[in-house]
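Step one of this worksheet: look at the structure below.
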């Protein structure tokens, strides 16, 4: 499946404001970026670096006035995400070194507080993939998905108390539950084709059966459906903000996200 | 100053238990490891890797029964830690890429919740080093240092509510306050000569004036005093546990920490 | 200056052939990639990774038959490259760790064989930038630049013996001479606006005065001229091949490179 | 097997001389460093960093006069090195990203020049481990091992012409031959118990059957024998010098290497 995804962010900047952006999807095992655009208007010096999670990040100081960031990508993605019911739990001693960080508690995923709850939720499930299936099923039953219900990230403990959250919140709680069972889990931010209402999206991946698998706890995301474009990976939303901004807080005055299916021929 | 530091950890293991250890100090700009010992008894296969923060970590599966880990290091450290009153705040856009992670909120340092409080505490202080001095002074006045008052790590928000904490807790709160002012800050775990009662210790570093400086919020740690041996760095205690252990919780049945001043001649 | 650069490589593949490509310019301190296309026809699975020098590399297995790789980039580059006559030599002990590798001899830059020659060539020049200027002047006088004169990379020793070479050869010799004076030097591969005949290009950078500076030993490249788009960095051509191909050798049956100046308005 | 290995290097320094040292073995999958000493006399500031190959390196400026470097390590190593006759060649597309660098030609291993010769030498051998066995057999028959026969590193092409070499030379030629067959190969420097005459040693590893295996082309090194302590890894001797020294050349006026078998009890 070929997708064309774009994101337009508009700010009104009152004083020169340093930004760190994470808006550039990378080609990898699950997606191929065939075309990409990345504009800042007005133009300003931008430098790029790779963070500790492998994300391509851009640094700039937004000038005073209207400031627009526009990104577009044409990406080939899988029609269906891989599934692997029964894929086994990987013993800690067999995990690759690079995966170990995704077992630790983090800002919005206090996995050190969820062991009993996770054990209960996954009772009877085979260790590994099936435990994650049980966690996602529990989340869909117990935590109401409500886009727009939280502006700033809240942590797994808070999401569990509230019983409601945005996509990022549900994933934070799922991640905390997985890690509490020693299943490595990480947050992914990106685009999802067909999301209603259209917006940037967050979901999560777990490491079972010796590779990463994608899960999405929001309702209606059938397990076999594809259409995901990953932009950033990290332990939680603290690591994978689409933009981090420093100094007096600045909020976008407009944001437009679009994801459309394009025919291969239309693309060439 | 030459120090000989050692740590003996004794466990009673009921079932084979995976461990990740961080007990190996590394030579760097501030310390030189001239001699090191590292024993596990009974012997078992150990592999070593470097984590994303540059720490040398060891992985092993502890066998059933008594399991002892013993490390010793002879280290040359500074007699006095560097101080730099007036060292300026570094604008975000001028920070090295590798420092940016230490500005983000983390598991035990919810810096996103402390901006008003930090601004108040540091009122009148020059941006940079002097703000950190104000934060440490405030901590010494308002948060009681009580070794042994918490077993498991608690977060900056909780420490602030309790008004009491161990060394790690005080540093977590200091780090959260610094980061909320866009000052990069990180936790350090290691040894401190002269600590009473002797134990492993935690303190923090901040990035001002274009380098890292050491601070220690516990009372009695004169600003000019040296005697610190760093073992691990990270965003907070989630990243720099001396040991992370997976599966059913296991606690040391005995731990002995020792740090003594040795004459240069005695060492050779 | 805004440039639109493209490269079309056409192969006739007789058996499935693994490739590693390095064709994706990255945004950095000296260039901003505002638009990028990257197509392989017929489509095939591609994965991407970052090599030890920070280059974005793509891996694929080219299927049998006609195989085309097409890349395009619209890039903002400096109108003039920075110059710094008099910029001082950096003492080895003051070099950043990450720069040290660029002081060692490498496959095509046997810097261990050029110390006497380099000392002679740079006699009277201030250590640092001015030594590199002397080396480039010597190269322009003594080594004839002849595009197409070598198909496969030859080493600095061989270039020096032949007295003639392509852009890559001249840079290899320049790099070997610089390193023999303990000046870190690296090869850069990319596009150059205005190059005659148009082709992919190679030049080099040296680390003096505490940063990297660009040099180009081919005649007619005025020192102040800009128009360079960097694609890959490395110790020499062994590290920065636009494509590495394994198995029976395969050569492009057609290659078309284009670099044009585009008006900012045309771009938006 | 427990080994105690030490190396004493003595220099007479005429002017302050920057050194980069690689003398610190690291614990890994094949060795456990239980005790280590590392002294420089007279003491001077030393900083440590990890290079792109994962080696721990030390930087210092040696002061004028007698300068001694002394390192000692007590290490648990395998009694016998792993062997795997028949272990298959790994297709390029299946190699881990981190292994790809070890397929490229390098300063002393011009693998781009050896394809025909390697094909001939390994005729009839199964692709993979058995090809490396054939290469080592050929080396033992055709290249005379003569400790002390070369002072400075010479390249694989030169070793092949001379027909004689030190351990490092034989390994360089073996590596070039392996890489020309698309088998990743790297140089290892370290200690070997029982080496006659005792000295620091160099051997090589190849990546077949999805892991690294050790080979040693010097005669008398039985394939099953253990006793190897690895200190540094790299593409060739340019990357893994025990010491790199800059400025006017300085040579050790004395070097003493020792490796002895110690009983486990003697060690504790």
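By written order: A, B, C and D. Residues from 1 in each chain.
We take it that a contact is a pair of C-beta atoms (placed from the backbone, for glycine too) under 8 Å apart; a residue touches a chain by one contact, two chains touch by 3 or more.
All of these numbers come straight from a predicted model, not from anything done at the bench.
Visitor: Can you name the chains that touch chain B as well as chain C?
Guide: Neighbours common to chain B and chain C are A, D.
Visitor: So how far apart, in whole Å, are chain C and chain D when each is placed at the average of its C-alpha atoms?
Guide: Chain centroid spacing, chain C to chain D, equals 31 Å.
Visitor: I'd like the Å distance between the centres of chain A and chain C, where a centre is the mean of that chain's Cα atoms.
Guide: 36
Visitor: For chain A and chain D, what's the span in angstrom between their mean Cα positions?
Guide: Chain A and chain D have C-alpha centres separated by 43 Å.
Visitor: Please output the residue numbers of chain A that touch at least 2 other chains, ranges allowed.
Guide: Answer for chain A, listing residues that touch two or more other chains: there are none.
Visitor: Go ahead and list every pair of chains that touch.
Guide: In this structure, the chains touch in these pairs: A-B, A-C, B-D, C-D.
Visitor: With touch defined as at the start, can you tell me which chain B residues reach chain A in the complex?
Guide: Within the complex, chain B touches chain A at residues 18, 20, 49, 51-52, 59, 61, 91-93, 97, 100-101, 103-107, 110, 112, 152, 182, 238-239, 244, 246-247.
Visitor: For the complex, give me every residue of chain D touching chain B.
Guide: 26-29, 32-39, 41, 43, 45-48, 50, 54, 56, 58, 76, 268
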